[in-house]
């Protein structure tokens, strides 16, 4: 609940410009748009130019289309993640200006470009198979206005590949480290450089990987300091957190 | 075993109206209908007008159709949950008066409407993707004679959406709170209002959601008082329990 | 956030009886008492005579004593659960009027008795070893003003013991069913009677009980309708929910 | 390693009828048939007329067909479980005398009927959806020469259905109790009657059933004495164990 | 609910020897003794001379003593399992005739010896550390009137130790196989001999044993036919089931 | 491996100031101190004035004392976490200038104070019992030169307590949110304010908390954007990551 | 990082044959080939004639084809595992000399045959259904230049089948033991013979097998000395480790 | 079952030097010593001079003492692992020549020294807290006649510590890599050097380490080739397997 909004309403009351009953109603109507199955929360995008975000998984195609269309009216940037091929096809029909990244499973509609940060986010993957998560992170970070460097396939089984890229990672303001199987890459990088590391376990692996559990537990129990972790395959969340850090001012 | 039935049989014996052997047989024949693969338990619906219920999952289409047809003879209301498209198609053929809700995956045949309660059940979801569970709960609650209020997509990530609806929830006699992922909505609502809260974890989520386990554990360990929990995605069970509470007399 | 409190503040503003800055401060000071390590939430007890509740586990003895002493100033009833022997000894010293139930691990200070409900809560256990959880539920339910019936040791291995007590359970408005090991009692009772059933899994058992997990899963997956579940060993929570139901008015 | 076979070989040696090297080879060639991918273990069927058994799951259709054909040469009864539709079709082609039970997913070829036991095995299910497991148990028990009584759909949610059948179960020499979800039926029956109970948890259920884990844990932690448990959905194993018990002589 | 008891009551009613109200009361009073915290279920021991059984774990010393004393009045044999040293000391004080087995953690009071079976139960352990579970099984089996053969420490790591004892096991009517760690012994024995095998996983092991889980899962998924399983460390349960089998008549 | 150190060695070689064999040795001797059981990694503290850190858990008292003494020679600040009472006593003996925080289980030796940041880290707990984790985070953050604001006991069960403090949290540059049980506080705060949130699940809770697993899963599956997570009870790690973020320059 | 490579670079520097900046670049460019999504690590194959390896699972067909084509340029042997039918078809098109093993899901391109070892690796399976894992191990071991002996279907349920083959296993230098379900075969073999045993749990089984977890835990907790374990279904990894052992020189 | 023993017995039979009944008895009496609770398996030590091994955990002190004393009669070397302080004290009393390593929890009695291997086993730990497991491995490896190199505390958080020691590891014939928490060290070492790696996960860690589960899963899912894994904290098993490999002849 936004402090200044409350203060505004209270001051209007104090000055007699608003009645108590109206104030109560207003307090209950901080900005969101109700389209029946969904309440679109647009106070963030309205305030700071951030894109509105749709999470597509577990929703029906129709629901995602409805939400996208309602957001279009707000004239904001729109990012949709975990979209199916069907969702992408239908929304591209409605809004041809949208960019579909099939590997990342994202749609991005850029109403107005955000200014790009000077500092960058490094996105590092342990293996080729982590690419979809890395792409989701990359699209998200770019949609949030960040400069991004993607370094692929530098897992610990051939650690000299990492050393060849370590300076690129060190030059970033924050790094997203993406790895499946035993997820050791996050610990190794966090031991080598001193920027914040956001680790993303992936579901790449089989057997005792248990759908990403092995990488998740490994990253949570990292012996290296300063590693924080997001959900399995959550490229979006890692990029969102990295963007918050990358946009911090002194 | 119904006390008054036993007493009736015993009194008949005492009065000499029944022999011991017959009584023993009668005691073993409290009302249910045996159709081979299934023993339909109809003593509840016979007594209080409740619908007979079929749980469709894990049954074959033929079994569900058999049960439905056997129940039709009892001239009671019938509610079927977790029905496949095939089941719905075949039963609608047999009994066109049936109502199919494809989102809820329910079929409802109303032989005679139940009186609606004055007090209501609030059904609240955290996100758009929880809708199928909410619909199952809504259809069930209505089939059991309850007035229902459905409030969608008020999860804690945009908590002002909840505050705009909190009075509607408070006016209910009991609330069903449906949420996947971290399932935090149940705790927040239980901290704000004082009616009984039945929490339904959903399988919405991915990775560390482990098919609804994260929401289930979160709801079971809620720091708010008075939250009780049902199985993952169990909209039917939550509505049944809520209906029992909503029908309680002083 | 209590609707009428907000309205009162807003009306005072509207009438010019209060300034915006003061209102903002007041909005932030809905009743709780800050004693450093703890913020005592007393708006519920102040409003409806309910006891204030302290959860003792994981707190230090000193913290529990501090909270108890701060609550004593509010002249309300106080219920403390999961108290150690040391906590009980120290608080009894400070406040000799307190009642200590060593089996339930509770302390109760009754400043003013609550009126007892006409309808009752049945508390049913599967085995002798479930007694501590049953006692916690009983003390809690009584502290919240409920009439209570305790039926012990009627687990399904000797189901005729249950039948001898089933009418007592049926006469209650709501039943709490407490069982460890395979937790089957909740399903059996819910299949026999039609009042709301709140199931409490207990950590009684060994091996594949996994600290109560077997009973918890069994109760969550009950084939009987209307069973809701609380956390393992959570006698307090079950009693709180049961009390909410038992106090419902039509 | 069969004691009398060893003795036979040793005696032949002692009498000079066999050389040490030949004996060593013989000891290594107790009866099994090697068909490359599989070593068919036929010493049991050869000795006591039991059917040879093929477990079809995880094998390719070709492997199952190969094994079946090799067994046909032994002129023994053959039971195949967990067979796919494709396996059934191909084997029926080769050997039209085979009986296919599609619900049980079994094939049975009866070269020579086994004598049927006087005493019987009771197979009891909690719900309609447990039927495939019950059918697998039934086909297996019959193939092993047992008289079988199948009692369906008497789960604890409507316990009077069980009481109507309890005498039939009590008359068996051993009972197989099949239940999914919370698996309570095994405990209830074991509390009521005194024959050996073999419990089969099934994967029927959803959410916190975790593929049969809830029923499995419940059955393992049964408070009733004398319940033993087999793997989830293992109708074959339960029937095999029950048959061993049913064939015991004094 | 015992059929003949019900019939007796009904016949008394039919003959006018009993009134309906009295019959109802009688039906509710099948034999058990209520001592407050516990309802002692003595209809079994009364009927067939079996000992009454007390499970000591999770009960207080006072509760176990109370139950023991109440049972003493029934002049039956009494077996208590999982008794602490304190329980043993107090009960030995009260009843010096009791036999305490500290390894098995059992107490046995033999009021009247049961006749011993001709056929025997074999109890086989994989390792020395499984001894407490084996002793619990042995004491239980003997208290239930069975002849017992105990074969210790024949685990699969030195399988020739097993072969030296295999004939002893084969001569039993039923075998209890007790093993921790990977629990392989049950599969090996079931592959070698053809009597019913009841497998008991033990909590012996560390790390990936997870308190007996590894042995439990291994025994449940045994590739050998006819293995049934009880809870981890449940020597009592295995012996009870084995005794049921060993007492079966043709 | 520090880039400039390698370059320095290579340049010395190029200029002929160093031999290849010596360079190879030097490359292998980047700064750490080997004291037998431990290799103290001091290149970080040497370079930027950060304290050297000892993790006390799972080490013997003697090992921790050895490490502490070796570090004292480096004349750097020293932070020890998870220290036992015995460790604290022995080290205070050796180095009386050390500060022991018994709740946080930390020791801090400040050889030279670090400059304090202008921006602050907010540390927020859901309940009183989370205090030890919060104290560990606070001591760590302060030892790393951060200004810290601690807000205790604002869990979601009484959410108005949070609203009273929300502005203090919003004024921080990064927030650490500490919660046990269902861990909902992180999602709620992340939904209300837009700074980076590091969530720390705690082992506070019982039953289905499974030692902090419920809170951990809930935080990982948060529906709010930008939440990253560290290990259960890892106050140190959260503070380290927060300090990295708080020290970032534009 | 290869010691002699570093030494070579350093010596070149010392002799003035290389500049520091060039050395730094060289150190970062130990041999791998960057093809965008993948960094092919070819220093091993270049050095010792080992095949380059592609792990196909979780990669797209296009990625696997790209990697294969890039490797072809190195004129080395190439082994691809976990390849789909589509991958096999496309690569066979490009490179008809490749050998596709559909059961093993492998592709092998032999540019130059490796010399075969004198000593052999024994690959032993418990059941027919373990064949795909055994084939993956066999193809891998052969591609790495090992003589291989495959012994199929000698699981513990018919242990005489194992005894008939035990000498063949004993003659190997190292054995790979592959088993699903309860995984007992590894313990039994390790108890009988004294060569190193590498155990491979497989996902063969159902219910309490939990996708290979039961076999994995059983093998990890083996009571037999000297068993080491690889991931579920990891035939490749077992063969790689066995090959390392089989190639060891004295 | 030792092939040559069987042949010997058979040849004696063939030559008429032995009777069939005696042969049968002999076959059943391959060397082990039965001391009641334990069957000491001494055929290995008798044959190749290996020490006899006692695993102390889960055994009583008396049992371990009994076994030790029985072994002393065989005049072989004896290694006892997981011995308690009490066991060590009692056995040192009986046999003062025994060496007690309190950190490793081992006792070693050297009757006759084994010849030491030329090649060595490297034992590498990630952290100081892994020392007890490393010591158990070291004592075991030495008792089995291996030269051992112990490298401590080179975990991936400060990877330059590893590089300083990598040549020592590379010079070994086989390496044991011991790590808790995220267990990444095994993957990194296996990526750098080409000898067989046996990974030992340890229970060092807290929270999401789940008693070593995180390290165990990480090691099993290692992306580096050739890593095999033993049970959590199983220093003995790793050393036994390493010794088998280290003693292999070409």
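Letters A, B, C, D, E, F, G and H mark the chains as written, and numbering starts fresh at 1 in each.
Just so it is clear, contacts are C-beta pairs under 8 Å (C-beta built on N, C-alpha and C of every residue); 3 or more make two chains touch, one makes a residue touch a chain.
These numbers come from a predicted model, not from an experiment.
Novice: What are the mutual neighbours of subunit B and subunit D in this structure?
Specialist: Common neighbours, subunit B/subunit D: C, E.
Novice: Counting only C-alpha atoms to place each centre, which chain is farthest from subunit C?
Specialist: That would be chain G.
Novice: Shared interface numbers for subunit A and subunit H above half of all numbers used, same, or below, different?
Specialist: Looking at both copies, the contact residues mostly coincide.
Novice: By mean C-alpha position, what chain is farthest away from subunit F?
Specialist: Here the answer is chain D, farthest from subunit F.
Novice: If I compare contact pairs by residue number, which of D-E, C-F or A-C overlaps with B-D on over half of them?
Specialist: The pair repeating the interface of B-D is C-F.
Novice: Subunit A to subunit D: how many Å between their CA centres?
Specialist: Roughly 53 Å, centre to centre.
Novice: Can you work out the whole-Å distance between the CA centroids of subunit B and subunit C?
Specialist: 26
Novice: Mind checking the centre-to-centre distance between subunit A and subunit G? Centres are C-alpha means, answer in whole Å.
Specialist: 38
Novice: For subunit A, which residues are shared contacts with two or more other chains?
Specialist: 1, 27, 157-159, 163, 192, 205, 207-209, 216, 220-221, 225, 231
Novice: Taking all chains into account, which pairs touch?
Specialist: All touching pairs, sorted by chain label, are A-B, A-C, A-F, A-G, A-H, B-C, B-D, B-E, B-F, C-D, C-E, C-F, D-E, D-G, D-H, E-G, E-H, F-G, F-H, G-H.
Novice: Sort out for me which residues of subunit D touch subunit H in the complex.
Specialist: Result: residues 6-7, 10-11, 13-14, 16, 18-20, 23-24, 27 of subunit D touch subunit H.
Novice: Mind pulling up the subunit A residues that touch subunit F in the complex?
Specialist: Those residues of subunit A that touch subunit F are 1, 3, 44, 53, 119, 163, 166-167, 170, 173-174, 192, 194-196, 198, 216, 220-221, 225-231, 236-238, 240-241, 244-245, 248-250.
Novice: Where on subunit E does subunit H make contact in their complex?
Specialist: Against subunit H, the touching part of subunit E is residues 128-129, 131, 152-154, 157-161, 163-164, 180, 204-209.
Novice: Show which residues of subunit H lie in contact with subunit A when the two form their complex.
Specialist: Touch residues, subunit H against subunit A: 126-127, 155-159, 181-184, 187-188, 190-192, 205, 207-210, 213-225.
Novice: What does subunit F use to touch subunit H in their complex?
Specialist: 1, 27-30, 32, 36-39, 41, 43, 57-59, 63, 67, 201, 203, 211-212, 216, 231-234
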